[in-house]
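To keep things simple, chains are lettered A, B, C, D and E as they appear, and every chain counts its residues starting from 1.
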Amino acid sequence: ENTDAAGGETKLSGEVKVDGSSTVAPLSEAAASIYKEEGGQAGVNVSVGTSGTGGGFEKFCKGETDISNASRPIKDAEKAACEAAGIKFKELIVANDALTVVVSKDNTWADCLTVDQLKKIWEPNSKVNNWNQVDPKFPSEPLKLFGAGTDSGTFDYFTAEINGEEGASRTDYTASENDNVTVQGVSGTKGGLGYFGFTYFEENAAKLKALKVDGGAGCVEPSLKTAQDNTYKPLSRPLFIYVSDAGAKKPQVENFVSFYIESIDDIVKEAKFVPLTEQQKGTLKSEFDALKAAV
Amino acid sequence: MTTSTQSAGSVAGNSLRRGRRRPIESIVQVLLVAAALVSIVTTVGIVIALADPTIEFFQQVSLVEFFTTTSWTPTFAQKAYGVLPLVSATLVVTAIALIIAVPIGLGSAIYLSEYAKPATRRVLKPIIELLAGVPTVVYGFVALFALNPLLQKWWPTDNGPGFQNLLIAGIAMGIMIVPTIASISEDSMAAVPRSLREGAYALASTKMQVSTRVVVPAAISGIVAAVVLGVSRAVGETMIVTIAGGLTSDRVVFNPLEGAATMTAFIANISSGDIPVGSLDYDSVFAVGALLFLITFALNAVSIRMVRRFREVYE
Amino acid sequence: MSAPTLTPTRPEPSAPGAALTQRRSRPGEVAFRLAMQSCLVIAFGVLASLLAWVLIKGWNRLDSRLWTEMPTGLTSRLDGAGVQSALVGTLWIISLVAVICLPIGILSAIYLEEYADNTRWYNRLLELNIQNLAGVPSIIFGILGLGIIARALGLGFTVITAAIVLSLLVLPVVIIATREAIRAVPQSIRQASYALGATKWQTVSRQVLPSAVPGIATGSILALSRAIGEAAPLIVLGAVTFITFNPDGLDSAYTALPIQIYTFITRPQAEFAELAAGAIVLLLAIVLVMNSIAIFVRNRFEKRW
Amino acid sequence: MNPDTTSRPAVNIAGVGAQPVAGHQPRAAAPVMELSGVSVYYGAYEAVRGTSMPIQEKQITAMIGPSGCGKSTILRSLNRMNDLIPGARVTGSVTYHGQDLYAKDVDPIEVRRRIGMVFQKPNPFPKSIYDNVAYGPRVTGMKVANMDDLVEKALRDAALWDEVKDKLKSSGLSLSGGQQQRLCIARTIAVKPEIILMDEPCSALDPIATAKIEDLMFELSNDYTIVIVTHNMQQAARVSHYTSFFTAEVDEKQERHGRLVEFTNTSKLFTNPTDKRTEDYITGRFG
Amino acid sequence: MNPDTTSRPAVNIAGVGAQPVAGHQPRAAAPVMELSGVSVYYGAYEAVRGTSMPIQEKQITAMIGPSGCGKSTILRSLNRMNDLIPGARVTGSVTYHGQDLYAKDVDPIEVRRRIGMVFQKPNPFPKSIYDNVAYGPRVTGMKVANMDDLVEKALRDAALWDEVKDKLKSSGLSLSGGQQQRLCIARTIAVKPEIILMDEPCSALDPIATAKIEDLMFELSNDYTIVIVTHNMQQAARVSHYTSFFTAEVDEKQERHGRLVEFTNTSKLFTNPTDKRTEDYITGRFG
């Protein structure tokens, strides 16, 4: 049935409102672009906002959007807001990401950091300001830190995994909503260190060096494969879209999400994210079917 | 027409009593007043939009903490609500902008008003006004991708400015306000009556003497008003600092080579981001907004005074 | 006093008829002139090179695709991407701003200049309020829009919300410019009209306004061009950043050029920076053309009474 | 225009060596307007004090006096143009055919239609010549059978028709100063007022244009009552039937107040002034 | 001031009934400046044509004539104030003690130090009274032993000292119009010029202030050469030793050009003008 819709036999119209994480936005933008070209529904208008994961949920739980992009799972407080407003939803994992820790190409000493070392660097009130404080084997080189904007899902995820509490972080680093700042900052600073989504590393691999991360099972390098098979621990993360029941009732939204799921491989490729595993894809389909059934 | 005598011309002794009603006049009056009220409603709206969350904010954060502590980290786990870092960054950027814009703007104005040939002035003045209209997102882009790389390249020492820093934001902002300052001070210099210049020339003054001893002092309140306007644009400017100024706000920064968040940059970043309505963090945006509103309010009051004085000087 | 004394030294002030020819050399004079001139040259030089830099940076993007193509989320197709939806969004917003803001602004100005008795406290308050609003940072208007217009009035994140917010933002500009234009119409024209038995509105509508049209047009265009370039309030309003369709109504989602530029800047692919530069050139072209028209109108048509 | 029905005043303020000529007596006439005890205030400042004088029908009444003595102020009080100045206030009585001009139920717009005004600097509207003249009839809602005829008549009466008949569509501002002033007069005539007030109508004009306007004024006095303010004594002497001389007195608080010193017929005022100050002024001992 | 050494001109332009009094003859004197064949252009427009006249030392020379005839233009050519008007150009010769004022190597700033100027509207700088007077000596780099003395002397000479001695620090703009004009004169005197040019210095003033300035001018003529433009014939007659009468001629292209009609001593010009146009003007037949 949804194949029919995706094939464009029924002419749909109306809006599909997507908002939320700026990390996930490229994925939904790619979906929207492919949908526009191949979805066969010229009357459907998809818009993708980038209010951030939290901002997205805020609108989502007010019923202002149909789909919310998220770079972390929904928080309890947000869930409660949705419940209070009578908004039911389904969480769908649409891609994987590897939060990549990067240093300058001039950094010849560090190849791998343990989670403990990362924590030592990033924990609240950390006084680590030189690479040799991270590891005495490292040379004396001032450590300059760059990181995600403090109101992003990326920041939440990184702090939760490394420092053990969401939002817990030292504060004296160059924070930016704009990951290009981190790219430029780290690549131009010999002792620089920063983190962001895998895509930004891939696009700038010529300027940056990605560090391996030792989550207890040895050093693992971030890559499509290690992110997919979850061996890049603890910084590989899933990326989500949340679809509301009310949204899914709208034929054009249902049609778009179906298309999103059908074409997920192309979309992920275009957006340069880490693709889903076969198992994840299976879950995705079944979750969506469950959603449709519920509607 | 109601009176038959309307077109009778110079018939003597016609009554002058109100003959005709003029309903259009009254309708127009009502419309005009209604339109004028829109601006009052706007101000009231701003105050309402700011007041509620701001009051809530200050129920949880004391004014003392807000104004005296030196770390602003509402989005971190260990939250701190001292607004001074945002204020200091705003000050630094504004100061840099003025250091650049005031001399260049004023110099340009003096040249245009006292030295340039009328034909030159006729061409350049509109161009300056034209440049005053360049959208600020353009300056942000240019600061980030063109100016800062240059600055980093030319910086004499190793620990030069970072990718985002207050210096570059200030420079870009300075460049941005040059046209405003130049144009308004030129206006006020042009408004100095010719007769004053002639009086000075007739006393055997040179051009420099006329410019610096007569024209600039006579136009000073207009010039000050231009500078104050420049300050208030710098304080309220958002895009440049958001793009090129940085976001750090955990301590008071006076070193322009570091990046730091100004009040506006904080608002722009947070209000597009990840915070739930009603939370303290959300309220903090409005508290900063209210502070910004008050600061610009004060600046405007100064500027309005200046302009008024400047208008009255020669009357 | 008899024959003129042509003493070579600088004469005692009252010595009549002394030679006028020994020009004092005035090096300070020359230096000052040069300093002032360099200020102007620097100002123009810097601004010109910045604009030139943007032009060069966006050069590859400066063809019709910029406005015939939509933005794309497909990194493999970035070459063919444009900013049509943002351009159309900007045009929508600006037309609405014109419709909302200009009548209100012009009527307010007429009230203040021609009708208000400015010895009354409420009229002075009104005036002060407008001058003050003119200096309120644009981002505060974003907060107003978010809290009151989008949420409290329930207009949501739509074209009309953006248009109302930007209208309120530039309203003081229109009012102040219109007042200047109205004030520039000489009193003698009003008096002549009243002396012929015209009523107030007849005088205002038939004499004052037509004469003030160039000034009003100038102020209006400048206000609109300011509104076109504003990004900050739209960011606070949460303007949508990716749209592959053109807005089709007041309640439609939208994006606008400054927002599109801002989001392009944050993307990792180099093509986005290029596209941002291209979009900037487009935005600049619109703004500069509008401003030029405004300045031309002012210089060409403004009456010198 | 029939010269026989008018008596042209012809006082000549002579330079040394020129022969003074006594002016004609004004025609016998009834006052159309009467000022009695008129003071005009700008805010708290009393600009002119207790002025009483008549305005005679179809005569030219001139007001002279040094700058700032309140001539314009009094003139404007005659058609309530002072209403337009915030804070201006008139006390005493100004009557028009016996009606109090400042009574509550008097419509100032109606007043101004009856009592027209021509200003110091020619101020044509930035419209076509035709529209300048047609403006008054249009806004006052006059019933006009044929506007073209009315415009032509007014322009003829203002002695401008021949000069502009081929370019009625061009802007009033394209005319020379003297022509512009005649256009302003035509515009005023077009609404068929009874009285025309003129505030230094020639002071912005060259001598030739001035002569034309003076001739015109004189012709107009066949049909209209004219009040003219002038700083030019010669002009008052040349053109008017009656002259009032104003001056400014300085009071104990060093404030200056305008005062009517003498009002009488023109030839008497210039040949045989009653007041010492008038004599000083017209003989050039001050001013 | 010693009245014996000066001859006060006293031509009286009389109204009817007043007795004309022939003016005194001017003192014998040598010309300080000479205009010969001076024409002044604004761009392509020739505002004044071929003017030739001397300026006599320590005498008052008046320039009269209807508006627009080029009086101000000629006056400004005497201290190169025309240099400041873009496009203004002077042909013919203006000499100062025999030196060509417009020679290449003449320093216009030096010219203006010697030949000061007072303007129609009083234009004190928005500075203190003291600074207004001290301005000239300061900018010209005069060696001044004691500036206070110099300021006092200048203010005394300008007959203003008594009125302002207690408020030298208050703004020049706080003075009345007449006082402001005397301040401008004091300011000019302070740089010890040889010649003072005055362009309608009383036209913005009331009669009392005017009288004061006229007295002052007359006293100043003991020490200074004065050239005054006035639109007020009476004033010229009262105050000057020599008078030049200008008028405007209209040429074949309908352009108006100023022309010097007659230059002679004041009493002769007013009692026995040579030119018909002068006579018409002073007898009030036009203007």
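Just so it is clear, a contact is a pair of C-beta atoms (placed from the backbone, for glycine too) under 8 Å apart; a residue touches a chain by one contact, two chains touch by 3 or more.
Keep in mind it's a predicted model, so treat the numbers as computed, not measured.
The set of chains in contact with chain D as well as chain E comprises B, C.
The distance from the centre of chain A to the centre of chain D, with each centre set as the mean of the Cα atoms, comes to 85 Å. Centre-to-centre, using mean CA coordinates, chain B is 50 Å away from chain D. The distance from the centre of chain B to the centre of chain C, with each centre set as the mean of the Cα atoms, comes to 13 Å.
Computed from the mean C-alpha positions, the centre of chain C lies at a distance of 48 Å from the centre of chain E. Residue positions of chain E touching 2 or more other chains: 109-110, 113, 140, 191.
Multi-chain contact residues, meaning those touching two or more other chains, occur in chain B at positions 206, 243, 272.
Counting partner chains per residue, chain A shows two or more touched chains at residues 50-51, 55, 177-178. According to the touch criterion at the top of this document, the contacting chain pairs are A-B, A-C, B-C, B-D, B-E, C-D, C-E, D-E. Contact residues of chain D toward chain C in the complex are 79, 81, 84, 86-87, 109-110, 112-113, 116-117, 119, 121, 123-126, 135-136, 139-140, 184, 187-188, 191. The touching residues of chain E, when paired with chain D in their complex, are 11-18, 20, 22, 66-68, 206-207, 210-211, 232-234, 237-238, 248, 270-272, 279, 282-284, 286-287. Residues 22, 24-25, 28-29, 31-36, 38-40, 42-43, 45-46, 48-50, 52-53, 103-108, 110-112, 114-116, 122, 124, 126-131, 133-142, 144-147, 175, 178-179, 182, 206-208, 211-212, 229, 232, 235-239, 242-243, 264, 267-268, 271-272, 285-286, 289, 292-293, 296-297, 299-301, 303-304 of chain B touch chain C in their complex. Per the touch definition, chain A reaches chain B in the complex via residues 50-55, 57-58, 77-78, 81, 124-125, 144, 149-153, 155-156, 159, 165-169, 171-178, 181, 184-185, 188-189.
Residues 30, 32, 57, 96-99, 101, 103, 105-107, 109-111, 113-114, 140, 142, 191-192, 194 of chain E are the ones that touch chain C when the two sit in their complex.
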